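Some structures to go through are shown next.
One chain, chain A, links the two complexes that follow: it is found with chain B in the first and with chain C in the second.
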Partner chain A sequence: MKKNQSRKWLFPIALASMVLLSACGGGAKPAAEAGAAGGKEPIKLGAVFSLTGPNSPLGVPEKQAVEMLVKEINGAGGVDGRPVEVVFEDDKSDNTEAVKAVKKLVSKEKVVALLGSSGSGPSLGMAEFSQAEKIPLISMAAADQMTNPVRAGIFKTPHTDVHGTKRIYKYLKEKGITKIALLNDSNPYGSGWTQQLQKYAPEYGITIVAEEKYGTKDPSMSSQLTKIKGTDAQALIVAGTNPGPATIVKEAKQLNLSIPIISSHGSANSKFLELVGDAGEGVLMVAGKLLVSDQIAADDPQAAIVKKFVDGYKAAYNVEPDGFAGYGYDGLNLMVEGLKQAGGDASKLNEVLEKVKYVGVTGEFVFSAEDHNGLTEDSMIMVEVKDGKFQILK
Partner chain B sequence: MTELLQYVANGLVSGGIYAIVAVGFITIYNVSKVINLAQGEFLMLGGMVTVAMIGMNVPYALAAFLAILIVTLIGVLMQKYVIAYVKKASPISLIILTIGISTLIRGLASLIWGKDAYSLDPITSNQPFSLGGVNIAQQSVWILAAVLIVLFLLWYLMDKTMLGKKINACSVNPMAARLMGISPAKMSMLAFGISGATGAIAGIVIAPLSVTSYDIGVLLGIKGFSAAILGGLGNPLGAAVAAFILGIVESLGAGYISSGMKDAIAFLVLIVMLLVKPSGIFGERSVGKGGL
Partner chain C sequence: MKQLTKKWGKSLGIYLALMIIFPFVMPDEYYRSVGIIIGLQAIVAIGLCLVMGLAGQISLGQASFWGIGAYTSAVLTTKFGLTPLVGLVASAIVPAVFAFILGRAIAGLQGYYLAMATLAFGYIVQIGIQEWEPVTGGASGMISIPQVPFFGGSELSMYYLIWGIVTCVLLFSLNLMHSRIGRAFRAIHKSEVAATSMGIDVRKFKLNAFVVSGMFAGISGGLYAHYMGILDPQPFGMHESIKFLTMVVIGGMTSIWGALIGTLVIGFISEGLVMLSEVVPGLQGDVDTIVFGGILVLIVMFMPEGLVPRIRSLYEKAQAKKAAANAEQRVERKAAI
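== the complex of A and B ==
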C-alpha cells in the first residue's frame, strides 16, 4: 500500500519540480563577438563577473549590460575606428577563481584592460594581479577599500557606504533629527556601514543612542527592536542585504515601533518590496537614481543617459535594469571614454582614466588622482515606499 | 517592566519554533536512535512548498495542507530508500547519512527556487494587538497554538493509542517488539513521516513572521537540536521546555547584554547547563539506549 501511495505522489512532485526548474534556467550563452566595425584589429577587453554562485544576481545583469553596450559601441563605429571585443570569464563568486580568470585573460587572451568583478572579495584579488601587471581595472565591487587607498590603474563604479551614510545624514539634518539607532547586519556589508555611520555622526551633529546587530539569517530581530523602542531614538537606520531588512521592517510594525526606518541601498530593490508587503509603507531608503528611473527630473544631468540605458536594457532583455546592470554599463563606458581620450592606446589608460569626467547611470563620475571612484553623496537620492512602490523624496 | 515582558513574549515565539524542531528530532530518535540532521530542511520545505504552491494559485489552506503532505512523504521516502536501505549501519553512520540528505535537499531547493528569500502572508491579519503594553503579532499566536497542538497530539499518540505503544515498544527493545509482531522498520518510517509533518507545520507558521529561503533550515535545525539535547535527548516534554528556555535566554541576552552576542549567550547557557547536568534538564530516557 505504501508503495502505491508513493508512486502516485512521486509523479506530480517530479513534474512540479521540473516545471519550476525550467522556469529558473535562463540562457547564459557565451557571447562577446566583435561587432562589424571595420576590418581593423579589435581592442580586446576582459571582463570577469560572478555568473554563478551567490553573487550571480549581481554578475548576470552586469554582463548583460556590458554585452548590450558592446553592440551599441561597435554599431556606432567602435573606438578610434576599431571595434571593441569583450572576453567574459566567470569567477563563480570565488576569490581564487577570479584570480585564475584574470590571469587567463591577460596571458592567453592578451586583453588590454579589465572589468570586474561583481563581489568585493574577487575584485580585491583581481586588483592585486592587475596592479602588478599594470593592466587597468574598473571594478563593480561595493567595498570602499577597492579604491581607498588609491592604487594606480584601479577604479570602481558603485556607490560606497560612505556616500550612503553622508546622504542619509544630510536628510536627517534637514529633518532636524539628531538621535538615531542602528540595527545593522553583522556581515562585512553591515559592519562597514556601522563604521561609516559612527565615523561621520559627529560631523552632522548626530548621536547614536543604540547600536545593535543581527545575523543575516536570523529568523527574528524583535529583541533588538524592543531595545531600540525603549531608547529616545528618533529614527532607525538599517543596513543589510535581503532578507534581513525586510524582516526588521515587518517586525517593527508588529512591535508598534513608530519612528521612521531608513534602510541602506543594500535592500533598495524590488525583492525588498515583495518581501515586506504592505508593512513596508513609509520606509525610507537611500539609493541610486536608477531605482526610480521614471521619476528623474528632466533637468537632471543624468536624465538622458538613464533613459537611454533603461530603454535599451528593457528592449534587449525585457526586464527593468537594476543598480548592478548600471555598474557594469558605467564601467565599460568609462573604459571606452578613457580609450577614446588615449587615442586607442591602452598603455596610456592608467594616466588618462584619472582625468575622465563622465555622466553615468550610477552618478556623475569625476575621476582624479586622489579619487578613483569619482562619485559624491549627491549622486544618491532618498526614496520612500508608497503604495508598494519607491517614490523619490523631494 | 513592559520591556521585560516584551522580551519574554519575543522569546516564547522563537522558543516555540525551536520546540517543534526539537520534538521532530526526538520522535525519530526514540524509534530509530538516529538523529535526523535533515530536520531543519523539513521545516524549510514546508515553508517553500507552500510559497511555491500559492505562486501557482493554489488557495492558502490547500497549499499548506499539500505542503505538509509532501514533506511527510519526503520523510517517509527518506526512511524507506535511504535509512532502511543501509541495513546494519551504526546509528553514527546513519546520522552522517542524514547530513548528506540535508545538503542534498538544500541544494535541490536552491536549484528549484533560487537563493532568494520569499515571503508568505500571515494566516490572519498583519495587525498586532497589545496586551498590557506588550505588542504581539497575530502570527505569533498561531505559532504558539501550532506548537501546543503538535505537542498535545504527539503526547496523545504516544501515550494513549495502540500505535504509540508500538512505537514505544520499538524504542525500548526492537527485538522484543519484532517478536510481538511489530515491525520496527514500519514504526521508524512512521516516525520520519511524523517528523516531516511537524517540521512542515513549523516551516509554514514561521514563514510569515520573517521570510523563508532555501537555507533557513540550518540555523533552526541547530537551535532545535540544542533544545533536544538540553531537555534530555528522548524526552519530548523536556525538549519543549528547554526550547522555550533557549528562546527566552536568547531574547533577554539580545535585549539586556548585546545583540551581536545573542547566539553566543544562548549557547554559553547551553554549555554551562550541560556541564552541570550532562543528561539534560529532565534527564535522558534511559530505556533501551543505543545511539550516541
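== the complex of A and C ==
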C-alpha cells in the first residue's frame, strides 16, 4: 500500500518534470571528450562552476572556455602523451552544493586537481576541502581571501580590487590628481574596493575628500553626487556592478559634474555601454586587456595568446569572450603548465605550481611561494569610452 | 519510554537499521556527505515540525536560527580558540535565547502575523550577519573553521555523529508528543479557545515549542559550520527557510516522522535529479526548486495532511478491511457449520 501510494504520485511528477525540462534544457555535456591523444590513461581534472543561479553569467563562459581548451590540448597531443579529461559539476551558486560537488569529484571521479568555482563562497568552501585532502585548486573567484593568506595548493586567476586600485592610482598620479571622491556599491564587491582604495591612497599621495555609497538596487544616486559636487574632488571613482555605475554616470551628466569619472572593472563590459548611452562619453575605466583585445599593441607579451583565445572562442561559440571566460582559460592553462613541469605527476603539483610562470589572457602570471595569484597591476589597463566604444589609453 | 517503544517499536527499528547500514550500502564519501547534509536538515525540520504541527504556528525564519547557531560556534572556535564542543553547546543556547526573546515578543500573534514576524526576523538576522563585519566577516564570510574532533572527524564518523543527534532529537520529540505536553500542543493546534478553556497556558506552550525549535536549528547550524569549514551569509536566508517548511509540509505537519520522511524525500529527489542530469542534459541547476514547488502545490491540493499521516490512515483502513473480511469469513464459516 505504501509503495503504491508514493508511486502513484512520484511517477507523474517525475515524468512531467522530465518532459518540461528536456524541452527547455541547454546542451551541456557531462564531460569533455578526450581527443586525439587517446590510447593512454587520461589525466582526470575536476571543475566546479556556477552554471546556474546568480553566478551563472560567470560560470557558463568559464566552462565554455575550459571545454574549448581541453579539445585544443588533446588535439595537440595532451600532456606528457596523456589526454586531459575534465569532469564538470554545477554548484548552483551555492556553498553547500560546491562542497558536495568537490567531494563527488574527488571520491567518485578520482580527479587529481581541481578548477573553480566562479563565486567566492563556493570557492572558499572548495578550498577548505582541497587543502585538507592536499589536492591542488585553481579558483576563478575574485575574493582576495582565496590566496591571502597563502595556503598550500590554493591558487586563483582573476584580478583583485588591489590591482584595480593600484592601476587607477598610478593613472591619477601621472595626471597629477590628488583629491578624489568615492561612490561605491555597498555590496561585497564595492566595499572591498572601498577598503583597498582607502588603504593605498597614502602610498600614492592621494586624499579621499568624500566617501559615499549606494545600495545595489537604488534607482537614483543624485543626492550623493550633489554632495560630491560640493567638494573639491578632482576625480570620482565608482566601484560597482551594473546597472549602478551607468546610473551614476548619467546623473552626473545631468548635474553637470565636470570632474572625470573612473569606473571599476566590475562595470567594464558591453552592458555598461548599452545602459549609459551618449552620457558615457569620456568615462574612464580600469579593465583587463581582454576588453579591448583588438587594440593590444603587437609587442605586448600577451598579444599572441589573447588573439588566439579570442579567435578560438569566437569560432566555437560565436560571441566575444569576456573576462570570466579568460579566468577559466587561464586556470586550465596554468594547471596544464604545472602538470607538464611535474612530468604528469599530480602529487607534485602543489609544489610545482608555486614556480609556474605563464603568460595568460588575464595577465602575466608569476606564481611564487608568497603569491598564489601571481598578477600585478600592470596586467590591467585604463580605457576611455569614445564614440560608444572602449578605447585604450596610451 | 516503555509506551513509546511499544507504539513506535517497528518504525524505530526500521529507522535505526536503515540509518546504521546506509554508509555501508553506499560506501562512497559522496553519499556519506549527502547523508550528512540530509541529517542536518532533518534536525531543523523536526524542530520546525514541533512549532508547525503541534503548536499550529508557521515559522518562516527557521534558517535564521540555523544561521545564528552556525555563526555562534564558528566565531567562538575560530576567533576565541575554544574547542568545537564548547562551540556546539553555545550554538544550542544562543539561538534558543534569541527564540525566547522573539517568542516572548510575538507569542500573542497567531497565524499570518507570526509568519510575518518570523519572516522579518529572518531578514534581520541575515542582514545582521552581513553587516557585523568585525565578528562575522561580513559578506565574504569566515574560513578555516575547525572540524568536530569526533573519532578523527572523518566523513563516516561525522555521519554517525549527526545521525546520532538526529535520533536523539527524534526520540525527544516523539516522547514529547505522547506526553501531557504533546496533548496540550495538539489541543492548541485544533483550537486555541478550547485549549485555553481547558486550562492550558497557550502562550507558554507556544513559546516553549518555539524555543525548542530554535535550539534544534542552532545545534544543526553549529554542526554545519564545522562540517563545511567556511561560512557566509548566503545559506541562511528566506530560500532555506522555505525549504525547511516544504520538508515539513510534504511529510505531514502533525507527525514527527513526517518531518524526517519529508527531509528524506526532498533529499532523494535532489540526488535523483542530479543523477538524471547525467543522462538527460537539460535537468540542471534550479530544476529541483521547480520540482519541489510543484510537489508542494500537489501535496497541499490533494494531500493537505502530508505523506506520513495519509499513508498511515490508508494502512489502518486496509488493516480494518482485512479484519472485517476475516470476521466475515469466520461468520460465514460458522453459518456453514
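Definition applied: the second predicted complex is superposed on the first by the 363 of 394 C-alpha atoms of A that agree within 3 Å, B and C clash if a C-alpha of one lies under 4 Å from a C-alpha of the other, contacts with A are read in each partner's own complex, and residues count from 1 in each chain.
The rule is short, and it goes like this: contacts are C-beta pairs under 8 Å (C-beta built on N, C-alpha and C of every residue); 3 or more make two chains touch, one makes a residue touch a chain.
All values reported here derive from a predicted model rather than from experimental measurement.
**Q** Of the partners chain B and chain C, which touch A:S258 in the superposed model: first, second, both, neither?
**A** Once the two structures are laid over each other on A, A:S258 reaches no partner at all.
**Q** Identify the partner contact of A:A279: answer first if only chain B is touched, second if only chain C is, both if each is, neither if none is.
**A** In the superposition, A:A279 touches chain B alone.
**Q** Touching A:K271, do we find chain B (first), chain C (second), both, or neither?
**A** So A:K271 only meets chain B here.
**Q** Touching A:N318 in the superposition: chain B (first), chain C (second), both, neither?
**A** neither
**Q** Based on the superposed arrangement, let me know which partner A:G230 touches: chain B (first), chain C (second), both, or neither?
**A** A:G230 sits against chain B, while chain C stays out of touch.
**Q** Give one of first, second, both or neither to describe whether A:A127 is in contact with chain B, with chain C, with both, or with none.
**A** second
**Q** Do chain B and chain C land on any of the same chain A residues, and which?
**A** 2, 5-6, 9, 13, 16-17, 20-21, 24
**Q** Enumerate the contact residues on chain A facing chain B in the complex.
**A** Per the stated touch rule, the residues are 2, 5-6, 9, 13, 16-17, 20-21, 24, 54, 57, 183, 186, 212-215, 217-220, 222-224, 226-227, 229-230, 242-243, 246-247, 250-251, 253-256, 271, 274-279.
**Q** Using the touch rule from the top, collect the residues of chain B that touch chain A in their complex.
**A** 3, 6-7, 10-11, 13-14, 17, 52, 69-70, 73, 76-77, 80, 108, 111-119, 121, 126, 128, 130, 135-137, 140, 189, 206, 209-211, 213, 215-216, 218-220, 250-252, 254-255, 258-260, 262-263
**Q** Given the complex with chain A, which residues does chain C contribute to the contact?
**A** Touching chain A: residues 28-30, 33-34, 37, 138-141, 143-144, 155, 228-230, 232, 234-235, 272, 276, 278, 280-287, 290-291, 294-295, 298, 303, 307, 310-311, 314-315, 318 of chain C.
**Q** Applying the document's contact rule, which stretches of chain A touch chain C when the two form their complex?
**A** Interface residues on chain A, with respect to chain C: 1-2, 5-6, 9, 13-14, 16-18, 20-30, 51-53, 56, 90, 92, 94-96, 99-100, 103-104, 106-108, 120-121, 124-125, 127-129, 132, 143, 145, 187-188, 191-192.
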